[in-house]
Every structure is written in C-alpha cells, then in structure tokens.
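Chains: A, B and C, in written order; residue numbering restarts at 1 for each.
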Amino acid sequence: MTPPSFSPVGLRFENIDKRYGGLLALRSVSLAIAPGECVVFAGRNGSGKTTLLRIAARLVRPSRGSVSFSESSGDGNENVIRPGFVAHATMVYDELTAEENLLLFARLQDVQRPEDRVDALLKEVGLSERRASLVRTFSRGMRQRVAIARALLHEPAVLLFDEPATGLDPQGVAWLADAIRRLRDSGSTILMSLHGESEISSLGTRAIRLDAGSIAADTRTGATFRSILAIADA
Amino acid sequence: MSLLPNAAVLLGKELRTEFRSRELLTTTVVFILIVIVLFSFTFDPTSDESRRFAPGLLWLAFLFASSLMLQPCFLREQQNDTLSALRLSVSDPFAIFLAKVAANTLFLLLTELLLLPIFAVMYNVPITRVLHWLVLVFFLASLGISTAGTALSAISAQARMRELLLPLLMLPLLTPILVASTEVTKRLFEREPAVQWTGIGFLAVFDVVFLTALWLFGEYLLEE
Amino acid sequence: MWKRAMIGAFVLFLVGASAYASFYIAPEEKTMHVLQRIFYFHAAAAWAGMTAFFVCFVANLLYVWRRDEKWDSLGVSSAEVGLAFITVVLITGPIWAKPAWGIYWTWDARLTSTFVLWLLYISYLLLRTLIEETDRRALLSALFGIFAFIDVPIVFGAIRWWRTQHPAPVIMGGPGSGLEPTMLKVFFFSVLAMHALMVFLIAERYRLEKLRTDIELLRREAEAI
C-alpha cells in the first residue's frame, strides 16, 4: 500500500459504561492503545467487543465515560482521526456500482481528487475490472474488499475491524490477512474483534479478552496470546 | 465538508438509486391510480359533485400513497447497515435528512404532477388556468409530507409492525396538510378560481416548523 | 401510604365539590338550561387534558436532553392521563350535542381537533408497545411525542380555519364567552378540581411505572446471572 500521509494515532477508552435497557454491555472499561498497535479482541458473543468497536467508531454513545484519540505529532487533520470501520455488514449500497459507492463516500468525506483515490483503491483491492458492476452481483469476498476500500478512502490512522473474516473462504481470509498486515506495517493503529485463532489473529501485537463487558485478560499485563484466543470460545 | 455539499452528494445518490430502478415511483403512481378509480365508485363522478369531492379525494390519495412510499426511506439503509456508513462519513447528520427530504419531495411532486392530468380528465375538473398555483400547493404540501414522513420513517424503521406503524404515525400528524391543501385546491377548481392564501400560509408554517424540528432533533433519530 | 390516601380523598372531595357547584351553585343558563351544566365538566376536562399533554411534552424534551428514565416514566404517565381526560371530552361532547342539535357529532372545530389529538397520543402509546428495548423505546417515543405536540397548535388552527369555510354548529361556545360572574367562578373551580385530579392521577401512574421498571430491571439482572 502507498505510504500513509498521517502520523500514528493512539486511542484511549476511559471508564466506558454502555447500558442497553437494564443490562450493562460494557462495565467501566478503561484501555490505552498506543499508536501503531494491532490489538485483537477476543470473547464470546455478547462480551461487548462489537459495542466497544462501535463506540470507538463513534456510532454508539457510551452511557458513561469517553473515548479519545491522540496524535504523536500535532497534525491536526480532523479527517485522519475519523476511524475506518469494517463490520460484518458491508455498509455499501447494493444498487450502486463499486465505483459509485466509493466515489459517494469519498466525496462525502472531502477526499482530495476523489476519482484518483477511488481508482487507486480499486486497484489495490483488485476490483478494477468489476468497478462498473453493481455490488449486488458481488460475492461475499468481493463485497468485503469493497467494504475495506470504503474504510480506507480517507486514509484513516485508526482501523476498526469487527469480525471481518466472517463468511470468507480461505482465499478471502488470506487476502484479508495480507491487507491487514500491510496496514499494520505502514503504521495504522488497528483494533480487531475475532473468534479464535487464525491467520488474522496472528497479526496482532496485543490481545485482550472481554468477558461480560469487562476486560478479563490482556497480553500487556502478562496473559499469553494463545490463552486469550483459545479460552475465548469456550 | 459542510452541510449543503454533503446533502447535495447524498441527494445525487438518492436520485440515482431511484431512477435506476424506478420502483418507488411506479408503485406509488399505480397505487394512486387504483385509489382514484376506487373512489369513483363511492359517488357519482358527474360534473358538480365531482368538483366538490375531487380535491379531498386527490389529497387523500396522495397522503395514503406517501405513507406507503416513505416506508423504504430508512428501511433501505438498514439492509447493509449503510446508515452507519453515512453517519461515519458526514460531518452533520442533518445532511442525511436534508437529502432524503429533498428526494422524497421530488418523488412526491413527480407522482402528483403525473397524476394531475389523469385526475382532471376522469373527474372533469379544469386545471389549465390554475396550473402554476396547483404546482405551488403541490410543492408546499409535498415538502411538509416529506419532512414529517422522513422523520417518522426513521422512527418506524426501528419498531415492529413498521408497515402499519408509519401510516398510523403519519396520517394524524399530517391533518393540517390535508385540510389546507384540500381547501386551497377546492378554491382553485372552482368556476371562478381564487388563491386561498391562508391555506398556503398553513402549509408554509407546517413546513418551517417541521423542518426546524427535524434540524434540531434529527441526530437523535439516527442514534443507535 | 396514608398520605397518598388522604391526598386522594381530598382530590375526590374537590371533584365532588365542583360537581355540586356545577349543578347547584351555578345559575341556570337561559337557552340550554340544565344541559349546559355539562360544560363545566367538559371544558375543564379539556383544559386538564391539554395540560397533561404539555407535561408530556416537557418530559419528552427532558428525556432527550438528560436520558434519565424518570422523564420517560413521567412522559408515559402524563400521556395516559391526558388521553383519559380527552376521552371524557370526546364523550361528553356528543352527549351534549344530541339534545342540543339533534345529532351526536357536528364536526365542530374544537371537537374534531380534539379527536385528532386523541389519535396522536394513542399513536404515541401504540408506538411504545412496538419497541421492546427500553432505552430505544424511551428515545423514539419522546421524539414522536415532541413532533406530535408541536403539531397540535397547527392542527387546531387549520381545522378552525377549515370550519370558517364550512360553518357548522359549535359545541358550547367558547369558555368564558357569555359566562356571567358566578358561572365563571364555578368554571374556574371545576378547572382547578380537574387539574388536581390530573396531577394526582399522573403521580399515581408515575409511581406505578417506576415500580414496573424497577421490577423489570431486577428480573433482567436475575436472568443475566
């Protein structure tokens, strides 16, 4: 991937509570993520991984607490701090072509020279030939690639992946792992929620297990990678 | 990026999506036609009576149709969670609403203008002299219906029984539009047509009040 | 418990006293005679209903701003009580109209608008039953409540104007129109009594709602274990 034009960004979650109805999906979660870290979140369904990521994406407002981003150098570019988010849903329009989708989001985010940026991304994710096809006609793997291209349009310094490998065949997983590796190596801060061990989990520089809305284990405080990922699905 | 450019880009997307499939427009037009024909069985559509009843029927048909047409507005955005993508991309969430209100107003206006000549022929009402006034009423009413309807569609998309819920929420709320539009249209259909400025005033007031309310509260409608 | 019972008894006394005043203290009206007395009840209930809806509106705004569930509880309580009063208005109107005009429903401007108002708040309550998650339900119904309330003046205004285009029998004239001093006093006393009843009912309903949400919370926490 082309070298990014941003400087690495760190994240801080401070005392995050998220209440849905009577239940706490997240309980007093505090976490500091250094610039450039690649963090894997493991945990059972309902442990709060998706909620935490959506709070980081600012799609969900925490009931209490806050999330903040910090830059290593005072770049001040607001856009860069907007995280790129890849979820299980593709978040692109089926009735538009790949190119139309990307141009739409590029323009909304005030990306410079949007047509060129879209061209470059389509090439990077290997969809140049299908750029004029409706997303509705794409396979699951291809849709994931459009989703990633969408997330990368504004060159975010922070990337959030919520179970990105779901529904992908081994080829798709390999491609995804490669893409994430390159992003990590170019300095992006990455948060991923995953199920168990895989090609992708091995890219992480840190692992955290969430259990019933709280942090149960963290490689930073001594737990091993393997133990976090293995127990998670029990 | 600021509000208006964002809204313009999104409006482009709404229009492109709709004109590609035209599914909203065609189904709405056909629905109104059906309603107009069914109405004709409920009274004698000869000259004088029809002139009295026609405006009310026209607006009832438009209201019913719009309560159906506005359903997909936010439901569509749930399909691939594109609503989250929009929320991530725009700086002011009101841009999302502005684009949808503009698009829906345009769609409503198009269907209304398409059906007007048909209605005029079937119920024998004169429209040529007052066409520009009719367009004004259609525009103001469609804007009001669209504003309230888009807001309510965001609400009903998050509830059960949403197909029935949206008309339930919309129709009582839109009473002022029905009343004002019918009165103004009635006056315009008369042998000596006149413009009911009070009625037009009510439509304008409704539009301003609800656009303001949408601007103030829109972001909460989109909250997760 | 005793305090509530005593307050309830006092409110009941007020309502009873205003009923007595309507029948025995207020002088008889010259055209409608005894029938007119229902006006004290009908109009006062209308005012109390509107005040309840205003309370609902304020509660809705406060919920959106503060997100404290007590505002949601107040919202639903005041909406239900308001609806009850408005139902009384919609029933007493036709009861008066039949002997007075010979028909039950005259499409009088205020009564018609009141009917639309009734439909709006029924929709508010219906909306709540169709959303399960409590926070979502509170937020979305609060937003609908806000839209509904700001529509109310426009509804009343538009229908009043519509009626001037198509005149029809007016139910009971305006409040205070052609009411002589004693009548006015009885009327304001009725309004006071109705408002006291409204406040009492909202408070009781609110208490019930709080109990219900507390139980719900305990149940969910128990299930989660």
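Quick note on the criterion: a contact is a pair of C-beta atoms (placed from the backbone, for glycine too) under 8 Å apart; a residue touches a chain by one contact, two chains touch by 3 or more.
The shown structure was predicted, so the numbers you read here are calculated from the model rather than taken from an experiment.
No other two chains have as many C-beta pairs in contact as B-C.
Closest chain to the protein centre (all Cα atoms averaged), using per-chain Cα means: B. Across the assembly, the mean Cα position most removed from that of chain B is the one of A. Averaged C-alpha coordinates give centres for chain A and chain C that are 51 Å from one another. Annotation: 31 Å between the Cα-based centres of chain B and chain C. Centre-to-centre, using mean CA coordinates, chain A is 39 Å away from chain B. In chain B, 223 are the positions where the chain touches two or more neighbouring chains simultaneously.
Remark: chain A residues 19-23 touch chain C in the complex. Interface of chain C with chain A (complex): residues 133-135, 216-217, 220-221, 224.
The part of chain B that touches chain C in the complex is made up of residues 148, 151-152, 155, 158-161, 165, 168-169, 172-173, 175-176, 179-180, 183, 198-199, 202, 205-206, 209-210, 213, 217, 220-221, 223.
Taken in their complex, chain C has these residues touching chain B: 64, 116, 119-120, 123, 126-127, 130-132, 136, 139-140, 143-144, 146-148, 150-151, 154-155, 157-159, 161-162, 165. Residues of chain A that touch chain B in their complex: 54, 57-61, 82, 85, 87, 89-96, 100, 104-105, 107-110, 150.
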